[in-house]
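Below, each structure is written out as structure tokens.
Each of the next two complexes has subunit A plus one more chain, namely subunit B in the first and subunit C in the second.
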Partner chain A sequence: MRQHRVPLILLAYLAIFPLGAVVPGVLGVLQKAASVFPEWLQVYLLWFTDTYLLNLMILVLMWVTIGSAWNLIAGYTGQVSFGDAAFFGTGAYAAGLLSTKLGLSAWWGFLVGGPLAVLVAFPFGWICFRLRGAYFALATLALNEVMRHIATIWQSLTKGMVGIMIMPTFVSKLPYYYIALGLAVLSIVCIEIVVNSRWGYYFISIREDQDAAESMGIDTHYYKMVSLCIAACLTGLAGAFWMNYNGSIDPRSVFSLHDISIMAILVGIVGGVSTTYGPAVGAFIMVAVSEVFRTGGFGMLEGLARMTNSPATEVVAKYVKEAHALSFGLLVIVIILFLPNGVVGDWPRLKRALWPWSGKKA
Partner chain B sequence: MEVFFQTLVAGVLKGGLYALIGLGMALIMGVMGIINLAHGQLMMVAMYITFVLFHYLGVDPYRALPISMVSLFLLGIFIQKFLLNPLMKVESILPENQVLMTVGIGIVLTETARFIFSSNFRSVMTSYSTAVFFVGGISFSVALCFAFLCAILLTAGMFWFLLKTDLGRCIRAVAQDNEAARLMGVNAERIKVLTMGIGAMLVAAAGTMLMPVYYLFPDIGGPFTRKAFVITILGGLGSTVGAIFGGLTLGLVEAFGATYIGMDYEDMLGLIIFILVLLFLPGGFKRLTKV
Partner chain C sequence: MFFEAHHIVKHFGGLSAVGGVSFRVDKGEIFGLIGPNGSGKTTIFNLINGFHSLSHGEIFFEGARISGLKTHEICRRGIGRTFQVVKPLKRMTVLDNVIASAFLRSRTKSQAIDLAEETIEFCGLGPCRDKPAGGLPIASRKRLEIARALATKPKLLLLDETAAGLNHTELEEAIELISRIRTAGVTIIIVEHIMKVIMTISDRILAINHGLAITEGTPKEVATHPEVITAYLGADYVA
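And then the complex of A and B:
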């Protein structure tokens, strides 16, 4: 239980603090409680009451779900998949089509999206799992593209590039926040249970040496499929959530190789593959990096430019905003070169580098 | 029948350029054992170099060919020496570290291009961009024909280099058996650096020659990376002869698909063939010819 202490405290924090936004009285209590802390800390304790930040947290939590799912198939089972968007898009389209074609609520997508993504995972795995290493990565990438083309071309069903639009159920972001939190917790708990079971050992043995695993009597094809199905189901749920939350999808956004599949990989490797909380940390870092650049340090750079009246800072602010995708690429290169097992996986090394004086207990 | 031959010609001309793209990818695949997922992005860089030279300095794209090839050669060397080779000493859980690194490099190249040139479509309009000549009622694009000839020359030169020179033999030795080549005194690290440079150089040539008849924007790299690996899988991973056939096949399939099935399906056909080859002919054309 000890290794879960910090995440559980964080989870409690994530669960309580947004309540301040809606439940009257809670905010007051929280502010009173927070007032014992120094002023600069209070800001951070109460930042969840803001809609924009809530939106960011929802994104982070969604990526925790997708990243954890990718981590199961790639990190634990060793099958580096470039095709997560196929499952994400399937989940999203399942929810959207239920609403546009059958007239049901898009929330049924949570029931249908997961199983449908698993259904997609069967041919996916059947084709890809006979291949290894680089071949596997390429095949998943190709299938991802095929799915995108199908969603684009099959206009009678999906309306092609127009995409699907539905009315979001809630105006407030708070229900979505809790659903996303629930999904993230569900996926982490699910994967933690699976990985600590007998299956988890099979997965890791497949990653370490597939031939040896096979010779020990492990049905590698079957267990790779199990791993992929769990991952696909969770990713499909995230897709169904995205449909409900965002209200509009199109093939290019939900089957996107760059925005979904590669982002899932980045979340996984930045946080740390085959660690429980790696994808969670990775999701937070990726969304934070993206937003800090996109908004120019949350508008701080522009504020600085206005304060100092210097055109140079203004130019810098403009360029920083444009560089937000570039920062992703640079981050990946730096992480792979210096922290190959991610922030969580290489935490002891990172800690020693950051705080060299923190003692040589080990 | 005219439509058929016209499509055939278009496919073959396109296939020649694809072969050049695939050849670089196959070399890198053979020697390094990794898929270079930044291959199309390297081509994009070469295309931007051509565009800048033409637009600001008025250099004809064909004169820009050596400049873009040399710059990409240097870029390839830089990537291999400082980004990919160090990874071999790094211990990590996932063995696909180098492939993920090329993804990162691809993102950096694309976004740097977007940063400098914005997402606008660019093109190089030369006097011969739209020029065609007719042979028996079938039109041939002058620029594409020239590109096809250049591609053949470069490919032939490449094969001469690989088969007849010491360096070429070293490259083939590393591709065949890294350990054995090392034991024979081949500096495998340096060969890898050189191969990456040559691969980037070949794709640069393809990009520059495509420029007079094509358009350019930062995201153009992705589709060409996908084409490159379809070609290499078709030909058999790491097979240089296969890459030529793979390139021609992809060019023909795309052309016939676009004519007889529909433009929408052009990209998808390549991917479907790719999956079919993986399923029924793993190893690609190399399997059939044993070359």
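And then the complex of A and C:
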């Protein structure tokens, strides 16, 4: 239980504080509660009472789900997927189509999206798990593109590039926040249970040495599929959530190689593969990083450009906004070079680098 | 009939690594398989446990045909193996390596842990059970191979050069372990280059060269067979 203490405290915090954003009176209580902490900390404690940050936090939580799922198949089972968007998009379209085609609530997507993503994963895995290593990774890349093209071309069903729009159920962000939080917790708990069971031992054995695993009596093909299907299901749920939260999807956004599939990989490796909380940390970092780039350092660069009237800064601001793909690439290189096991996996090393004096006592 | 390989053949492209070998193994015996480097011993193991598909021939185990089954199915039937080039699950502890294997014959995780701990003690790996398998010295890695195979409760165990690279005392311990495995009721086919080991523990030995059987018999018969001496030491030695 000790290793879960910090995450549980964080969870309690994440569960309570955003209430201050809407429920009247709660904000006052929270402010009072926060006032026992030093002043500089209070600002951060009351962060999530702000809707802008709440929105970012919803993204973080959604990425916790996707990243944890990716971590199961790629980190624990060693089958690196470059095509998580295939499952995410399937879940999102499942939710969207239930609403536009059947007139049901898009929330039913939570029931249908996961299984439908599994339905995509199952035949794919059955065929492609004969491939090993990089060949499997390439196949997932192909799956990603195939699914995107299907969603684009099958216009009678999906409206093609136009995509799907639904009316959001809630005006407030808070319900979405709690649903995302629930989904993230569900994923982490689910994966933690799986990893500590027979399945987990099998997954890790397959990652470590597939031939050894086979001759230990493990049906490696079957268990790779089990792992992929669990991951696909969770990713599909995240997709269904996204449809409900964002209200609009199109093939380019939900089947995006860069914004979904690569992002999932980044969340996984930045946080640390095959660690329980790695993807959660990775999600936080990656959403923050991409937000900084998307907004050009929260408008700082543009502000600077206006202040100094310098066209050069303006150009820089423009490029920084557009260069986030490049910056993601650089981030990966830095992580692989300096923290090959991610922030969580290399935490002892990172701690020593950040606070060199803290380890001296030991 | 406990185990029978019937005229097994394996071609790799133009090379015939195993060119039609037949042998039988009786329940409870230790059956030795010898031959110079590249003579096809490991390939025979790979054929038995389904890593390679047979080009020709058939393999029977406990009366049923097992050739054509998948590797994990063959393991489930009761044939365990070790690898000449050891394959530890590096980033798992020794205990976790063996637990992963023990799940095959356990319904629950606690049963698997019990079986794994028992097997680790049996193989004398107790002192390093919580160490990552990747950092073990070679003698322990070889033992881990055996422990992992034993945790699947095999009836037939294929040992591929588990004594290679061991020093004198480790060698004695390895022989002692193999005899204990036999006493526990496991039939063994053993491939070994070290004559001292194979001659002292085998009941019968099959000698092969270039993928073909030279002779089969008791250790003494095989050791004095002129073709075996030629294969191992060159034609000059006999003359």
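Just so we're on the same page, the second predicted complex is superposed on the first by the 330 of 362 C-alpha atoms of A that agree within 3 Å, B and C clash if a C-alpha of one lies under 4 Å from a C-alpha of the other, contacts with A are read in each partner's own complex, and residues count from 1 in each chain.
Here is the rule we go by: a residue touches a chain if its C-beta (ideal position, glycine included) is under 8 Å from a C-beta of that chain, and two chains touch if they have at least 3 such contacts.
Keep in mind that this is a model prediction, so the values were computed, not measured.
S.K.: Give one of first, second, both or neither to describe whether A:12 is in contact with subunit B, with subunit C, with both, or with none.
M.R.: A:12: touches no partner chain.
S.K.: Going by the contact rule stated at the top, is it subunit B or subunit C that touches a larger number of residues on subunit A?
M.R.: When the residues of subunit A touched by each partner are counted, B comes out ahead.
S.K.: What is the contact status of A:315 with respect to subunit B (first) and subunit C (second): first, second, both, or neither?
M.R.: After superposition on chain A, A:315 lies in contact with neither partner.
S.K.: Using the touch definition from the top, say if A:341 reaches subunit B (first), subunit C (second), both or neither.
M.R.: After superposing on A, A:341 lies in contact with subunit B but is clear of subunit C.
S.K.: With the two structures laid over each other on chain A, which partner does A:157 touch: subunit B (first), subunit C (second), both, or neither?
M.R.: In the superposition, A:157 touches no partner, neither subunit B nor subunit C.
S.K.: Across the two complexes, find the residues of subunit A that touch subunit B and also touch subunit C.
M.R.: Common interface on subunit A, subunit B vs subunit C: nothing in common.
S.K.: Can you name the residues of subunit B that touch subunit A in the complex?
M.R.: It comes out as residues 33-35, 83, 86-87, 90-97, 99-101, 103-112, 114-115, 222, 226, 229-230, 233, 237, 264-265, 267-268, 271-272, 274-275, 278-279, 282.
S.K.: Contact residues on subunit C for subunit A in the complex?
M.R.: These residues of subunit C touch subunit A: 49, 51, 70-72, 75-76, 80-81, 83, 87-92, 96, 99-101, 103-104, 109, 112, 148-149, 151-152.
S.K.: Which residues of subunit A touch subunit B in the complex?
M.R.: Its residues touching subunit B are 74-75, 78, 80, 127, 130-131, 133-135, 137-139, 141-143, 145-146, 149, 152-153, 207, 257-258, 262, 265, 269, 273-274, 319, 322-323, 325-326, 328-330, 332-333, 336-337, 340-341, 345.
S.K.: Given the complex with subunit C, which residues does subunit A contribute to the contact?
M.R.: 196-198, 201-202, 204-205, 208-209, 211-220
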